[in-house]
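Here subunit A shows up in two complexes: once beside subunit B, once beside subunit C.
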Partner chain A sequence: MARTKGYPEALEKKLKDQRFYREDSTPDFVNRIEKISRTMAHMCFQCGTCTGSCPSAPRSSYRIRKFMRRAVLGLENEALTDPDLWLCTTCYSCTDRCPRDIAPTDVIMAMRNIAFTHDIVPVNFLKTVQAIYKTGHGVPNNDVNRAAREKLGLTRDPPTTHMYPEYMPGIRKILDHYHMKENADRIVKEREG
Partner chain B sequence: MSESKANHTFAFYLGCIAPNRYPGCESAAIKTCKKLGIDLVPLKGASCCPAPGAFGAIDLNVWYAMAARNLVLAEQMKMDIALLCNGCYKSIWEVNHKLKHNKDLRDGVNEVLKEIDMEYKGTCNVYHIAELLYNEKYVGVNKVRDSVVTPMTGARIAVHYGCHLTKPHKDREFEKSIMLNTEHPSWMEELVAAIGATPVEYRNKMQCCGAGGGVRGYDIVHSLDITNEKMINIMEAKADALTNICPFCQLQFDRGQIEIKEKFGISYDLPVLHFCELLGLAQGMSPQELGLDLHAISCEPFLQKVL
Partner chain C sequence: MMVEKKKTTTKKTETKKQEAKKVAPVKQEVKKQAAAPAPAAQNAVAAPGATTQKDARIGVFICHCGTNIAGSMDIQAVQDYAKTIPHVAYVDNYKYMCSMPGQTLIQKAVKENNLTGVVVAACTPRLHEPTFRTATKDAGLNPFRFEMANIRDQNSWVHMHDREGSTEKAKDAVRIAVAKAALLQDLFPKSVPVEPAAMVVGAGVAGMQASLDLAAAGIKTYLIESDMSIGGRMSQLDKTFPTLDCSQCILTPKMVDVGRSEKIELMTWSEVENVEGYIGNFEVTIKKKARGVMTPKEAAAKGIVGGGCNGCGDCDAVCPVIKPNVFEVGMKPRKAIYINHPQVVPLIYTIDFNACVKCGLCVTACGPEKRAIDLNMQDEFIKVKVGTVILATGYDIFPIENKQEWGYKRYENVITSLEFERLICASGPTGGHLVRPSDGQTPMRVAFVLCAGSRDNTGIGKPYCSRFCCMYSLKHAHQIVEKIPGCVPYIFYMDIRSFGKMYEEFYYRIQNEGAKFIRGRVANILEDPKTKNLHVYADDTLLDRPVDMEVDLVVLAAAIEPKADTNRTRKLFGVSCSQDGWLLEAHPKLNPCGTTTAGVFLAGVCQGPKDIPDTVAQAEGAASAASIPIHMGEVELEPYFAQCIEEKCAGCGMCVNLCPYSALSLVEKNGRTVMQVTEAKCKGCGTCGGFCPGGAIWMQHFATPQIVAQIDAFLLGGEE
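Entry: the complex of A and B
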């Protein structure tokens, strides 16, 4: 009679042997990704709908399906050191179309989070952090815009942290809690001298 | 057209690009909503949402905490949030949704917010202004149509929906299921038709503008190439103007056209207007009042056609 529950030991052993490990692979890479992204990355069956939906794919070597495979196989170094990791525009087309209900976009975001812990991050991302630490805005106000606002009957500075800088210490405390500013400053200094 | 009595009040979350690059969007949103019975009061002390691509890519936990701080400001005002940018919607709406449904995330965020004497309770809701305009519970297409004094007759207008308002659709909770079609939605076209203009269809309408995810800062040529593809498709449909509901998309299409000209040598000169600015024109406001002269691409040819 066929067994309905569990695998025979031999099959279990065989499956274990067939798991892909290489010297440079990190078996828990996919687990860390799943913890950060809250999506079941290991369920990917490589259909390629994600790459087919991707606006970045036709104009670069960025292939999101490849990153999904790297996640499953634990190819951490290969994934994190690939400059294409930063070409995702986070349009979520792949997430909307994934037949396995995975969010490949969130997998990319998780990989970027892990890359940051290794100081792998393009400088423009850090500049945004620095701008927010300084003014509360990623895109701060300027004098040309202040004059334009005045002409429109708006306040010269918007009623955000620009007009109420007393809110800034709170924002800085949140960023400092995660050591964002010191890490951003350190990495920018290393890159730009 | 008399101004109807305000019966909905929202805390108006501004974000960064609208107040600091396209102040016309900000004033257009306040004025047009006022005419439709929605009062937008400033959310004092709000910061960057923070940018979902640029900030979320570095550390999602900081993104949750920073967005939660903005949400707490609205909770303290005992108001729901209205905003006009898809990027902000992604941060503010989605973090609100995630924190409401995941206790572990909420506890983590509150631990950090405790340091600045704040607590996220999950008592406010977040809406995009486009969503309020379309939803009959707040405004609705008919009320938008009734508010028009200068119909945009004869203007062919292409719509750019942007990404983060509707995608990923499985998370979103719009009032009308029609808004959740992310392959080929048409609710923005209904709004464009309501102000008297002719909405035009174009190839690959739902494609991204190319600015998000930090790509605009990381690789501007790659980002503009995506924009250029959209521009080709829009021009093919012989549109007089492009309307959007996201100041970041607006920046990418408006200033992006100047950059495309510099980098690729192609000029389109297609006016790009936030839907609130367009609605303001239809409600009889002057282009100066809406800050249209601040756009990188001149809106003059379009204005001559419709006014």
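Entry: the complex of A and C
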């Protein structure tokens, strides 16, 4: 720990970030990520091809390379509590180009999975879960869409659960198996009351 | 628990062993029968019945190899077990068996215990068989009475975390080795004379240096080059790092020396067609491709006095066919009759018969005195005999258009480093002016993409580092700063690998000259269709900020890859490839010039990426290694030849066709057709011995009884 001799506490807190081999780093974090993502996250050599490819990076504070680094070093808390974790659109550009043949997108997905087990998940994602449970769609059909579809000579509803609601129980069963709906409802209630 | 179980097994083993012993005399008889009728090639075959299994006294020596072996197994347990193996008369262990004290220990034990065979349980035969054979010989035994048990590379290293398992495996290995050692025979290597000539394949800087060294050592050298002139890749370069010598300026003197040397027979526009033979006696068929133009020598041989090509270029002027010049990476035209560049050695024109329309204009232009051009020339095959061969076949540029994200061949202003070399070179297509291919304008912002296709595990690029791209890109940055005032080079890098002498200093110098370094691999390049400028997308990893940089020109430091015809080279000379496709050296550290085929050596990039200093160094090393057998005058061949047991041979000739080395033939002997082995050609591969339906082939040192004894030792001596 760097000594800050009389500097304000804020600086001390900032300097604390400069040491990563601390007790809060979790050595098996990368192993858990690799088990979920099925990709060799620990082989990242930080070339930056992922961030360079990322369509999100120039428009946001999302830095995929930084998450890869946190995975390698086992900085679990830092990775899971960073709200940027949820800015990936999963376009897989980074996975296409990674010279080490790693799938950074899948690493992000794994981190999100782990974060969810700690109830760390933005409400909009949970509302998507609720929408899927209700309609089978993350973005359900609406009247504007229906009109546009009709104009294009399509059926008002697409041939999905919208047209065949009898398949909804199956989808609900899958979601129930993983306690998705139940957890989503609980967390949303906790946050929004 | 484990130990107890083992004890019972050992007891069982002993009973089994005794049974095996009962069988042994039969085997001995087989051996006697087999050995006796083998052709009495005076010194090759042991006298029958010299040592039998019954009176074999084997010494077992177990090496710790520091902690390499001792760290992962119980040496004492192996030693105790070895004492119980039949025929073992002496057992000892030592920290480093290969050291002088270790070898002395073997010699002393052999003499004091009257041993007939030596087993060393240590590393691999490849590493230390020669060492221990010498020790065995110095102890007064025939060196082929030595057998090695590999308990390091194939045991302690792979079973590092299984102490019990590796100890048991070592016991097996020792038992198996002892079984063979008890049946080993005295063998005597055969010496063959060495042809006092060498061949070098490829006349780039490596091949030229090797040839010059061989010639300087007084050895007749055939230098084979498939292109029309010598110089290779280096002659395409403008300047060389870190000294910034003009590449041609330092290469041309060597090229001229090669052309002038009386000891070097230079054959350009030629390829190796076939290779037969073995170290000391390679018979090489060289295809002299039809060049269409005669050298003064060839013309003189045809009786045209004062004729032949003198390089005047009159033919070039009249030729109507225009083709891209490959030497200039297709950026300059050439005719169907051409030379690569003005300084070519030899200065003899060549006709590209794939392009030539045979109009005959060049023949007229050449005139009745020189009469150098022969449009009906045919390929010629020449046979030469050489003692040793050096392969210096060089490399190809990786087709970087396969990495589509960088847009090579899609965007005009994305070029490779080799194209950059030609553009910046005073003798190149633009006379040394770096221009954008799209509009001929001088670029003011140039991006260099390092590791383009190198260090790439995606399966598209190459997993290895191409080793010289960092340094030549630094040099390129210097050249544009020097030649174009105000032009800024941006170097996108992952790591700058400036490992050589004065290389890091060069990096310092280029940074000081104003090159901008951005630590991030280029993710994507897009073209502005209007301006043909390029947007380079990367992550400035040090600033943690994505970069979108608009530049005028992008230079890709493309990876290098093994020559497309490496496989052919490999088969011709019987050498192997490493995992990455480069030709395989005999040992990556201790024998980087040799190959697994005796008498064939490697020089330059064909063995793996390296820069000019390393290439020249390896070429000199290869030349030195290749000259040793020639100066010795003869080489010893391992006596692992097949032997024909003529009484059993039915003369069917099946083996003759199977032999990959053409070492076998059928001859008439005492009114019968039998097989005969040309010992010098036989590599002891065992193909014939394994196949022979009558069991009439005796493989020395790997004889059937010896191998059967090893299998018995394993199967009958191990757990059921």
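Operating definition for what follows: the second predicted complex is superposed on the first by the 153 of 193 C-alpha atoms of A that agree within 3 Å, B and C clash if a C-alpha of one lies under 4 Å from a C-alpha of the other, contacts with A are read in each partner's own complex, and residues count from 1 in each chain.
Here, a residue touches a chain if its C-beta (ideal position, glycine included) is under 8 Å from a C-beta of that chain, and two chains touch if they have at least 3 such contacts.
If you're wondering where the values come from, they're calculated on a predicted model, not measured in any experiment.
In the superposition on chain A, A:48 contacts subunit C only, with no contact to subunit B.
A simple residue count on subunit A separates subunit B from subunit C, and the partner touching more is B.
Once chain A of one complex is fitted onto chain A of the other, the partner contacts of A:57 are limited to subunit C, with no touch recorded for subunit B.
In the superposed pair of complexes, A:171 makes contact with subunit B only, with no contact to subunit C. Once the two complexes are overlaid on the shared chain, A:100 sits against subunit C while remaining clear of subunit B.
When both complexes are overlaid on chain A, the residue A:65 reaches subunit C alone and has no touch with subunit B.
When the two complexes are overlaid on their common chain A, residue A:193 makes contact with neither subunit B nor subunit C. By the touch criterion defined above, A:90 reaches subunit B but does not reach subunit C.
Residue overlap on subunit A between the subunit B contacts of one complex and the subunit C contacts of the other covers 93, 101. Those residues of subunit B that touch subunit A in the complex are listed here as 14, 16-17, 19-21, 23-24, 26-27, 42-48, 50-62, 65-66, 69, 102, 112-113, 115-116, 118, 163-164, 167-170, 182-183, 206-208, 210-215, 217-219, 222-223, 225-226, 229, 288-289, 291, 294. Listed in rising order, the residues of subunit A touching subunit B in the complex are 36, 38, 55-56, 59-60, 86-93, 95-96, 101, 103, 105, 109-110, 112-113, 116, 121-122, 124-129, 132, 136-142, 145, 148-149, 151-154, 158-164, 166-167, 169-171, 173-175, 177-178, 180. Within the complex formed with subunit C, the subunit A residues making contact are 45-54, 57-58, 63, 65-66, 93, 97-101.
The part of subunit C that touches subunit A in the complex is made up of residues 405, 451, 455-459, 461, 494, 519-524, 537-541, 544, 546-548.
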